[in-house]
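The following blocks contain the structures, represented as structure tokens.
Two complexes, one shared chain (chain A), two partners (chain B, chain C).
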Partner chain A sequence: MRQTCIITSFCAVRDNKLILDGKLLYESATGDFTDFASRLYKHSGISYPKFHKMDNLCKLGFITSEFLLKDKELSGRYAGVETGIILMNSSSSLDTDRNHQNTISDRNEYFPSPSVFVYTLPNVVIGEICIRHKIYGEGNFFISEKFNSLFVFDYVSQLFNNNLVECCITGWVEINGSNYRSVLYLIEKTGKTESGIANFEPAEIEKIYNRK
Partner chain B sequence: MEQLVQKLKEEIITALNLSEMKPENIDEKAPLFVDGLGLDSIDALELTVLLEKKYGLKIKTSEEGKKVLFSVNSMAEFIRENNRG
Partner chain C sequence: MRDVYLSADNIITPLGFTTEENAGNMLEGRSGIRQVEDNELSPAPFHASMLDKKILYEKFSSFEDPGKYTRFEQLAICSIKDAISGTDLDLSGSRTIFILSTTKGNIDLLEADPGDERLFLWNTARILGRYFNFKNEPLVISDACISGIQAVITGVRLIKAGLYDHAVINGTDIISEFIVSGFNSFKSLSNGPCRPFDKTRDGLSLGEGSGTIILTVDHDTSGKCRIIAGDGYSTNDANHISGPSRTAEGLFLAISRVMKRSPSAIEFISAHGTATPYNDEMESIAITRAGLQDVPVNSFKGYWGHTLGAAGVIESIMGKYSMRNGILFNSKGFSEAGVSNPLNIISSPERREINNCLKIASGFGGCNAAILYQKK
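On to the complex of A and B.
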């Protein structure tokens, strides 16, 4: 049965800014992503020491999801298996792959770091969010040259239409060197929630993605 | 020994990205895993790399690993014993 879904919230991080549901929540004038992520972490008020061990891709996805899911009481409204996470980016885990390469490129200083190596897969970011929020539903990370709102819409709609999820976090989490950008959407069935940002459809997904 | 323990604490903080931790927060006698610092299996591998990279020491068996990586003190003792020449 075809389900009608809505975007109940969205959170975007880019250009040293964090925007939640269209409102600027945090901005930092200077600093690279690592510095910005640390400031965002402090601003979030959470205590999750593992954050400091994550690679930059995971930090980006994790901190965006923290703000997206804050006060949403997801675990009280949905069982872990009812929530899915479908993400996409263009550089996969290349940013961390390079760091790993640096630890093994010199044969005389050959000390691969296990804590770097474990992040040389993009879907680890899904794992980090799932661990934090006790999410056990469908998880997939797709690589695409550009953000593909139609693909996201089709894939996530299939999950809802086949009753595989009741709620889904989806979007774009990309980092490559100094370039980073994330946009995460919280998607729920109509009727499960009182208010929403927009209908879950490709044009709205694209419109939110392109918001400055 | 005291100097080595202090140095090890600083190296552990750096190697494991324990940026919210200071050397004085680490009890050198406390277990590093589960209780204490609550480290995990990846951290154990990272500590093994630290011993090899900084001190040229290899842990040969998992049993030896359990003993050596029990606490900061046991790591320091392992370094001291194996650096006697």
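On to the complex of A and C.
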């Protein structure tokens, strides 16, 4: 059965800014992403030591989801298996792939590390968010040159239509060197929530993605 | 809801360049896993199932200029080309989607040029898609060791949703220094050929390979019996990014979802069976929790190692082969039970009619997937 869904919240991190539901929540005038991520972590007020072990892709996805899901009480409203996480980016884990490559390029300085290598897979960011929020449901990571709002809409819609999810976190989490950008959407069925930002449809997804 | 059929397929591993050739060698008890001494891949020897560079080059050169394509691309093209030749479906139109499953793609190019455009997996997929003149922009799935199953699940879902009529699913990964060094740093590589579910198992053997399977809504015309891809699901352990759950929660949930939505009893399980102590133990817990401990189960990893992004695709194809030919392959490398929940591990090849096959896998990031294939 075709379900109608709404975007109940969205959170974007780009250009040293964090935007939640269209409102600028935090801004930092200077610093690279690692520095900005630490500031966001402090601003979030959470205590989660694992954050500091994550690579930049996971930090970006994690901190975006942290603000997106704050006060949403997902775990009280949905069983863990009812929530899905469907993400997309362009560079996969290339940012960390280069770090791993640097540990093996010179036989005289050959120190590959499991704590780096584990992050050479993009879907690990889904795992980090699942661990934090006890999410057990559908997960998938797609690699696409650009954010494909139509595909995200089609894929997430069929998860809802087939009752595989009751709630879904989806969006774009990309980092490659100094370029980074994330936009995560919280999608729920119409009627399950009292208010939403917009209908879950390609044009709205695209509009939110492009908001400065 | 429309049915999705498994049409033509191909497997390329050191055991052969076609599915049939692989199956023949497997029934003869052969394995592609050897000790590898190659300083470009690792400072120390290791065990892996490596494709002969020369043979791949020669195969590819027989129909295309190898200078235009990387080793990864040559391998994937050989596999897709053979699969397509086995069907008379028209895959050229806008109703076909091409899905690439890989963990690392052309990662062997990283050392020479960290800015190489071919490192982008979407670009790799586009190069492959262009070679075959697929109309739609390809999809790329990168979900660690469950990528292959996820690619099939995604193809099935997109077809069932009516968005496409055919999906060409290719899973490919090659072995590079990048991958060997990483798995070695985790101390997950085996000392000899891997021994899934065995008491003496001590790690996985890496493997390189490519598999292609064509999904279609059109009735399969290519022979003996019709196989459909049933429902498949992915889940997360929400437990640890590099270690499986002690309770096997995620995999158990994925299998449970398959069983809940499928009326028939499961007759064969193609396990992930990487032969790491933790993975196989976790799978034994999940299978037992689901009440499937008496169902015949194998791991194909003893034949061609852990082929990463190709694994779910080529092992699904062998599940299909098993159903079509009434053959259960033994779990190579297994001799004595070594998991805490005893399973019905297939210890010698067996002729048996089976009507369905449950394919499962788990991977880094806590991800799990399960899909059921069945005769129609």
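One rule holds for everything that comes next: the second predicted complex is superposed on the first by the 212 of 212 C-alpha atoms of A that agree within 3 Å, B and C clash if a C-alpha of one lies under 4 Å from a C-alpha of the other, contacts with A are read in each partner's own complex, and residues count from 1 in each chain.
The rule is short, and it goes like this: a contact is a pair of C-beta atoms (placed from the backbone, for glycine too) under 8 Å apart; a residue touches a chain by one contact, two chains touch by 3 or more.
Because the structure is a prediction, the values reported are computed rather than measured.
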When the two structures are superposed on chain A, do chain B and chain C clash or fit side by side?
fit
Looking at the overlay, does A:N179 come into contact with chain B only (first), chain C only (second), both, or neither?
neither
Given the touch rule stated above, what does A:N163 touch, chain B (first), chain C (second), both, or neither?
neither
First, second, both or neither for A:T4, with chain B first and chain C second
neither
Based on the superposed arrangement, let me know which partner A:P49 touches: chain B (first), chain C (second), both, or neither?
first
Per the overlay, which chain contacts more chain A residues, chain B or chain C?
C
Check whether A:N210 is in contact with chain B, with chain C, with both or with neither, and answer first, second, both or neither.
neither
So, A:S75: does it touch chain B (first), chain C (second), both, or neither?
neither
Looking at A:T190, would you say it contacts chain B, chain C, both, or neither? Reply first, second, both or neither.
neither
Return, as a multiple of 10 degrees, the angle whose vertex is the Cα centre of chain A and whose sides reach the Cα centres of chain B and chain C.
80
Counting only touches as set out at the top, which of chain B and chain C does A:P114 meet: first, second, both, neither?
both
Would you give the minimum C-alpha distance from chain B to chain C, in Å, for the three-chain superposition?
7
Common interface positions of chain A, toward chain B and toward chain C:
112-114, 118
Residue positions on chain B within touch of chain A in the complex are 16-20, 42-43, 45-46, 49, 52-53
In the complex formed with chain A, which residues of chain C make contact?
43, 103-105, 107, 110-111, 114, 119-123, 125, 137, 139-144, 150, 154, 157-158, 160-161, 163, 177-178, 181-186, 233-242, 249-250, 253, 363-367
Quick check on the complex: what are the chain A residues that touch chain C?
80-81, 85, 90-92, 94, 97-98, 100-101, 103-105, 107, 110, 112-114, 117-118, 120-128, 130-131, 133-145, 151, 154-155, 157-158, 161-162, 164
Chain B partner contacts - residues on chain A that touch it in the complex:
49, 52-53, 111-115, 118
